[in-house]
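Heads up, the next two complexes both have subunit A, just with different partners, subunit B and then subunit C.
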Partner chain A sequence: MKEQTPGFRVSFLKSAVLSNPVLVQMVGLCPAVAATTNVRSAVLISAALCLDLIVTCVLASALMKRIPRAVRVALYLGIGLALICPLLYFIETYTLMNLGLSTKVYLPLLAVNAVTALHCEKVAVKNPVRTAFSDAAAVGLGASLVFLIIGTLREVLGSGAFAGIDLDLPISLKGLSLPFGCFILLGFLAAALQAFSPYLRQAQTREPDAAQPQPAQADVQDDLWSDILEAEAVSNERLAALDEFTERLIGGEEDAQ
Partner chain B sequence: MPDSATKRTEGAQKPYVTALQLFGDYLLMLLVPTALAVYYYGTRVLAVAGVSVGVAVLTEAICSAVLGRSYYLRDLTSIYTGLCIALMLPAGVPFYVPALAAAFAVAAVKMPLGGSGAPIMPAAAGFAFVAVCFRTEVFTYALRAEQKLLGAQSLGALLGGGNAMRLNAANLLDVLGGNVAGPMGTGCGLLMLACGVYLLMRRPRALLATAGFLGACMLWAAILPRSNGGVLTNIVLELCSGSLLFASIFLVTDHATLPAARVHRVIYGVLCGVLCMAMRRSGVFEEPVCFAIVLGNALRPVLESILPGGERTQRKEARA
Partner chain C sequence: MKMISTLLITVLYTVFVQNLVMSAGLGMSEAIRLAAKPEKFRSLAVMITAFSVITGTICGGLSRIPAIATLPFAGRAAVYGGVLAAVYLLAALLLALLKPQDRRLRGTLGIAALNTLVYAVPFLNEIAAYSFAESLFSGLAAGAAFVLAAAVIGQGAKLLANNSNIPPIFRGSPALFLYVGLISLGFLGFTGTSLFQ
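What follows is the complex of A and B.
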């Protein structure tokens, strides 16, 4: 019997949005904070991350299933470096693009980012190439989307420009170009995603092909989902405890009055 | 009863203090430096304060509506935050600076971190944000500079430049009375002393942090002076420059950021004081007290857990 694989739309919704690597899993924060000070850097970092993620995941799925785990992780880094260092050389030599210092530093460091190692280990080596590719593409797009939003906001609000074009804004908040500004923006984006995630989950359950995902892929998604649900449960417990504490205080004060 | 009202045990006679009582006291104290600022800088002070308070109140109302929480103006915390921010800014500051500071304090610090019980002091964070974003506007004191002791040069800039200054009876009165260029509501040392006395009568335990803070600052100023004056001159200049005294009364004593134990409060104050003086000595900002307080707020849980009587020590004792 031919196995049914989840559609790309479902995979994208889960891996890129509901389990967004940057906003939900909080991995890949280093390039997001340090190297997305403008749109051009964000595009470059996004492209490099997608390339690294897709190629490494596909190779891991196709060739590395029988290799011991300790060796596999080193191989992911080797593949990443083999991809990104020539890319950086090509960009600097042939396009004459003036990369910022932070981009020059963090672009090669993408090879050792946690997103690639995490998804290679959790998804790629347990699934066929097609699933590994779709997961890597979805995760890469999800992270890239966040990088682009953050890069745009930081450049427009922090420098009063977009892609190097001066917008002549009357006020620019220089603090947003600094790392703390990026963390604040990431916090707001994560909160917005959390607020909209119930609607997205509803939309996901209405998908016709979401019913029968491939077993291994389902396990992986369940792992991610269980992490999220567990975090939500802990958060709800804390909120309930806080409410109880507040009620007790209010009750205590009313008694005192 | 506001749901965000905060109560703290304050001695045996008063088991709880509501947010209204707490911030009512603080607002009462803040009215005095505001009046003095109007005397020194004219009615523009009221416009700056109005913008800051108005934006803080409006931002909190909007955030409460978005988050589905009830909003009570009588909570007074947003008014307190707005007024604190305004008084730490120069009188001639463009109106968008206090507006952005107040909006940031409420929308990015106070509301996401738990409302009036936020573990980071919103006013300090708001000021720190605009200090980073609009450094020139925040540290330029040009309005009515001709009437001041040193013209447009503030005491902070004077100390930062390592200049020599000797205080005689006449200019000591100017310095202590706030007749030097600086933030519009924080320069008058005598007034801050009066506020401290009022706070001592109302909330004596909160002043433990103030004592630690000022003690550390004074000791630092005596040991590592920034000007060529005597020890007393250095201490007076350091305390009266920028917003240090104001912060010691209004920011360090914030109910939500203070540790519970008395010793911890003193040590927390010392930590904030040391951070502030270290940043004054080697930092890039003329007045880094708000950065020091935000950093102190962030380090408070660590401090509480590692000090004797803290969580970690209690766990060890329980295990033993």
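What follows is the complex of A and C.
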């Protein structure tokens, strides 16, 4: 038990913070932008994303390694729907929570979110269950952390309230409740993360990393989602050179020229 | 004439006023992916448009069946998701039979079908209470909205990469987020929303 704790800490630091799915890999933007206008929605979306991500990754690692990739990605959708639709039904029927229209629509959309598909294909199906769980938990926490920060900032600064309680602030920045405001907030959060990355990397190198997930590299070229990773994911080494990320975003066009 | 103007308004509304990528982040990951792989622009755009039209139209038809129309929202979401999965699997099967060697195209197919933009189209058609023809044009317009957003993001990413004046901590994803935010603000202008009311 003592040996697993530092491993998860390293895994968390890498998957949740340094390679944050939302701020660095730029996936899972749809729930971040549209469904995190307040803290309550952010909590709900975060919980649903973590549930979907962890269960799908564990099932993919345990049962789907021999299933063809084309069928597997459809199964991710099926698992997501099997988890999220009953959850949505339960919330609507058995609780008094009045979900806003956007939260109601965006909950089922989590079943096709890129974060789950990416980590199932890139990590879960190529690694043992424990590694898949560890990676999914860390990534889910990383995305949830961003959703909660964004949800809090947008509700407090945009609506002058926190969790529905009016804070009676003298000014409100209405734009933050709108999608463009969220993109701008995400930009500043991503910049803050990049500013602190060197210190976090130093902390990471001091930790033993025996238990951190090591995605299998075989068959990467044919991986369904490898293009997303090529374009968006910044590996631990490449975090040292921040410029490379943008260069890779337009790598195809530069090659053509 | 009224029918044509209604369909035209549906298309213009979906592309500009409610551009799904810029106003809701739907399909944003795929749009950014296209910025990195411009050679896939055409195939991915065509596939996303096709899946939006087919899934939106089928779900629009199904939602008129009383047994489905009376389901709770979660039930209809499951039905729409099932339709999307079935359409994707059918397309994958056809592609495997017709072009068995083209693994890259099969990879693109998964990304084009199973994304938030395509899955959101049936919900938006339902909320807007679109007719069959309007659902068809709404799907087409969702594809057009994606093409427009992906083209704008791609050009922006290229300009940002060549801009050496950007401070180091804003290079990469932060600059792209801010750029997308400003473009999204531009699209907000089509809605007539005021930030100062």
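The rule is simple: the second predicted complex is superposed on the first by the 202 of 257 C-alpha atoms of A that agree within 3 Å, B and C clash if a C-alpha of one lies under 4 Å from a C-alpha of the other, contacts with A are read in each partner's own complex, and residues count from 1 in each chain.
Convention: a residue touches a chain if its C-beta (ideal position, glycine included) is under 8 Å from a C-beta of that chain, and two chains touch if they have at least 3 such contacts.
These figures come from a predicted structure and were not determined experimentally.
In the superposition on chain A, contact is made by A:Ala191 with both subunit B and subunit C.
Using the contact criterion defined above for the overlaid structures, shared-chain residue A:Gly78 touches subunit C, although it does not reach subunit B. Once the two complexes are overlaid on the shared chain, A:Ile171 sits against subunit B while remaining clear of subunit C. Counting the residues of subunit A that each partner touches, subunit B and subunit C differ, and the larger count belongs to C. By the document's definition of touching, neither partner reaches A:Ala42: not subunit B, not subunit C.
Applying the stated contact rule after C-alpha superposition, one finds that A:Cys120 touches neither subunit B nor subunit C.
By the document's definition of touching, neither partner reaches A:Ala138: not subunit B, not subunit C. Applying the stated contact rule after C-alpha superposition, one finds that A:Leu13 touches neither subunit B nor subunit C. Once the two complexes are laid over each other on the shared chain, residue contacts for A:Cys57 go to neither subunit B nor subunit C. 174-175, 178, 184, 187-188, 191, 246, 249-250, 252-253, 256 are the residues of subunit A that lie in the contact sets of both subunit B and subunit C, per the superposition on chain A.
If you check the complex, the residues on subunit C that touch subunit A are 22-30, 32-33, 35-40, 72-75, 77-78, 80-82, 84-85, 88-89, 92, 96, 103, 106-107, 109-111, 114-116, 118-120, 123, 127, 154, 157-158, 160-161, 168-178, 180-182, 184-185, 188, 193, 195-197. Contact residues of subunit B toward subunit A in the complex are 1, 3, 5, 7, 15-16, 18, 96, 100, 108, 112, 129, 132-134.
Taken together, the subunit A residues at the contact with subunit B in this complex read 171-176, 178, 184, 187-188, 191, 246, 249-250, 252-254, 256.
Subunit A meets subunit C in the complex at residues 23-24, 26-34, 69-71, 73-74, 76-78, 80-81, 84-86, 88-89, 92-93, 101, 104-105, 107-109, 111-114, 117, 174-175, 178-184, 186-188, 190-192, 194-195, 222-228, 230-232, 234, 242-243, 245-253, 256.
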